[in-house]
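Each chain gets a letter, A, B, C and D, in the order it is written, and its residues are counted from 1.
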Amino acid sequence: MDTVISGKQDTALLVIDPYNDFISEGGKVWDRLKAVAEANHCVPHMLQVLDAARKAELRVFYALHRRYRPGDYETWKHIAPIQKAAWSRKTFEYGTWGGEIRPEFAPRPGEIVAQEHWCSSGFANTDLDLLLKTHGIHKLIVIGLLAHTCVEATVRFAAELGYEVTVVKDATASYSDDHMHAALDVNMPSYASAIVTTNELVEALSFTGERR
Amino acid sequence: MDTVISGKQDTALLVIDPYNDFISEGGKVWDRLKAVAEANHCVPHMLQVLDAARKAELRVFYALHRRYRPGDYETWKHIAPIQKAAWSRKTFEYGTWGGEIRPEFAPRPGEIVAQEHWCSSGFANTDLDLLLKTHGIHKLIVIGLLAHTCVEATVRFAAELGYEVTVVKDATASYSDDHMHAALDVNMPSYASAIVTTNELVEALSFTGERR
Amino acid sequence: MDTVISGKQDTALLVIDPYNDFISEGGKVWDRLKAVAEANHCVPHMLQVLDAARKAELRVFYALHRRYRPGDYETWKHIAPIQKAAWSRKTFEYGTWGGEIRPEFAPRPGEIVAQEHWCSSGFANTDLDLLLKTHGIHKLIVIGLLAHTCVEATVRFAAELGYEVTVVKDATASYSDDHMHAALDVNMPSYASAIVTTNELVEALSFTGERR
Amino acid sequence: MDTVISGKQDTALLVIDPYNDFISEGGKVWDRLKAVAEANHCVPHMLQVLDAARKAELRVFYALHRRYRPGDYETWKHIAPIQKAAWSRKTFEYGTWGGEIRPEFAPRPGEIVAQEHWCSSGFANTDLDLLLKTHGIHKLIVIGLLAHTCVEATVRFAAELGYEVTVVKDATASYSDDHMHAALDVNMPSYASAIVTTNELVEALSFTGERR
């Protein structure tokens, strides 16, 4: 853990897609990930990490998926399967409850919300990389949804772009254990410098806080 | 002109920053560019080009500067001079008349508005390149403001990214003839495949329309 | 398949990392992927696809990993685990046999070799996207190695950047069935519009050739 | 100057295109820029800055234009005018003296040479941004050629990407005073946080060295 959270100045927490549609009872996708999310206490863990990061005065960033708006994709010639699915379900529809951030995760003043992205990576076609650089950030702690799509995509892009990444494995969820295994055990170890539990992270952050 | 507007399928009009603050009487920056803009009939020319492009059924895209919102830049460690100026003037302030698109230039259904950009290039840290690609666009006709900042930056980036660019030289403006000369005579000829007048462009587009 | 190979003008074959270190007996990584590669006939299938694409006059592009050179990574402050592994093994060492393309896969005149990439995605920090655009390519057929690292990363980035992707599932390989499953069954279906066999692809390409 | 060279850890020197074709007697482009370059002592100033940066232990990076190789551009559908010019002149031809770095500017061990770029910006379609990030660099001192093409393009992109830029105005050159004026007086003040003389920079760097 040492190398990952060595200093709070260049480390940020990145929260991915804490939309009601994903993590609130009644959300459009919640039923598909509920079993995994409840088994690993994903949502309370996400809150614990967010709380600990704020206490340690880490800068908090949000990477959010495009909230569906009428007209989206209609004129596109090339659409990835995951975009077709989002289109047909109108996931995270703008102006609806499902497309709002679950209240406990609302960004606070001084926290940075990047432009919404169209596919899975918080970095692709957005200002996330710019905003991290203008804040001097080189290391990311990543939490949020879904493990094998937006989280894995963002972790992969972060590594490609030169960021050092820590993933909190019980503060993410997906459709099944098989999806979690693919993301957390098979793929991310190549790109994330550390894959830790919420407990391990919170403990590491508490030292960071003290060290100030 | 032939090579630039050879077919409407892969050609788009790109309208840059038609905000009230730039091109409406009373806008925050209008007074600084009024002399040039009135001399070359910039705003009526922009409208003529927009109208001709719509008639020729070219896809229309908008590249817009970040509209100032409270908190912007406050936590940044690195800010370019042009951003400091935008910050101090609150140019294109979100929720104000100055930060609205001048009504005649309002996007219509099926026209594509890219994410707002933070500096000058419509491509930097936005989804403009993605949206052009998903619509099969390879050639851009560029109009808007300011010639030596956002327009030149967007033209330079477009060329770097592999687009073929036509600039309409009397449908753009800047602070002085010196700024226009730097942008249109000194720099853009290296990056734009054609630099034309509104009349030349409208004529070329009318043929495109007929050829359908 | 129809939507993916509808026309050869905007479709390219993308060959990923056909280095001796990966796919030749004696290569540094071959032993780790040999079991999977021999079971699905990866290398002969890659050749079949390459041959069929050339016959159908598809443009062929190569996405290649950085060939290790002395000094690489030594001064970096942030290095992903997969880069540390490549560094310690000196995989694809420049000037050695392992860092050469296996002879049957050598690029021919008119085929395009993108700049080498540092991590896994052929698009990250390279000119691949530019070169595809300057050749009018919007659709990619992807073959090569490894399924869960460079291939999956390149497929994910391609989708993020607006390309339509076909993956040939028996013209790729990885360390185990578990890795193949994560890449081909769990993750890629979200990003690749089609995942086909070599036979299916070669048949589709032969029609493309005839249709000319 | 204070804000720009406040610490050597996050500041790098970026040397742009010190090719023989640009800055050596007999180079293909030298005759076109000789008058300006000799009037402002561009080449000796570039050497002074390079020497001072090395003494102050700043990391040195090189941004280099694509060296022409047979086949370049031949299959491209979209080529910017500046690329057509480079193609017709075979500027910086690979394997020739003109395409070599002028010997006094040769990179030393530990200095970083980014991938060659195809148009004007050292950042576009290359690994320059990645390499700066993996070395923790947020501030750039820029010298080299040509003021209104590669230097201005690289300065503009750097600002767009969140870097703080200092340009050394007498360690660059171009075709005429008009070109220098467009780049240094009209455009760069929007993007470069400081535009200084070689003397000013060398003095600032000497303090940086002492402060260690």
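Structure notes:
Quick note on the criterion: a contact is a pair of C-beta atoms (placed from the backbone, for glycine too) under 8 Å apart; a residue touches a chain by one contact, two chains touch by 3 or more.
Please read these numbers as outputs of a predicted model, since none were measured by experiment.
Of the two chain pairs examined here, C-D and B-C, it is C-D that is joined by more C-beta pairs in contact. Greatest Cα centroid separation from chain C: this falls to B. Centre to centre, using the average C-alpha position, chain B and chain C are separated by 38 Å. A straight line joining the Cα centres of chain B and chain D is 28 Å long.
Chain C and chain D have centres, each the mean of its CA atoms, that are 34 Å apart. Annotation for chain C: residues 77-78, 118, 124-125, 129-130, 133-134, 136, 138, 160-163 touch two or more other chains. Against chain C, in their complex, chain D makes its touches with residues 59, 71, 74-79, 109-110, 112, 115-118, 124-127, 129-130, 133-136. Chain D contributes residues 129-130, 133-134, 136, 138, 160-163 to its touches with chain A in the complex. Remark: chain A residues 77-78, 80-82, 85, 118-121, 124-125, 138-139, 148-149, 152-153, 156-157, 159-165, 178-179, 181-183, 186-187, 189-193 touch chain C in the complex.
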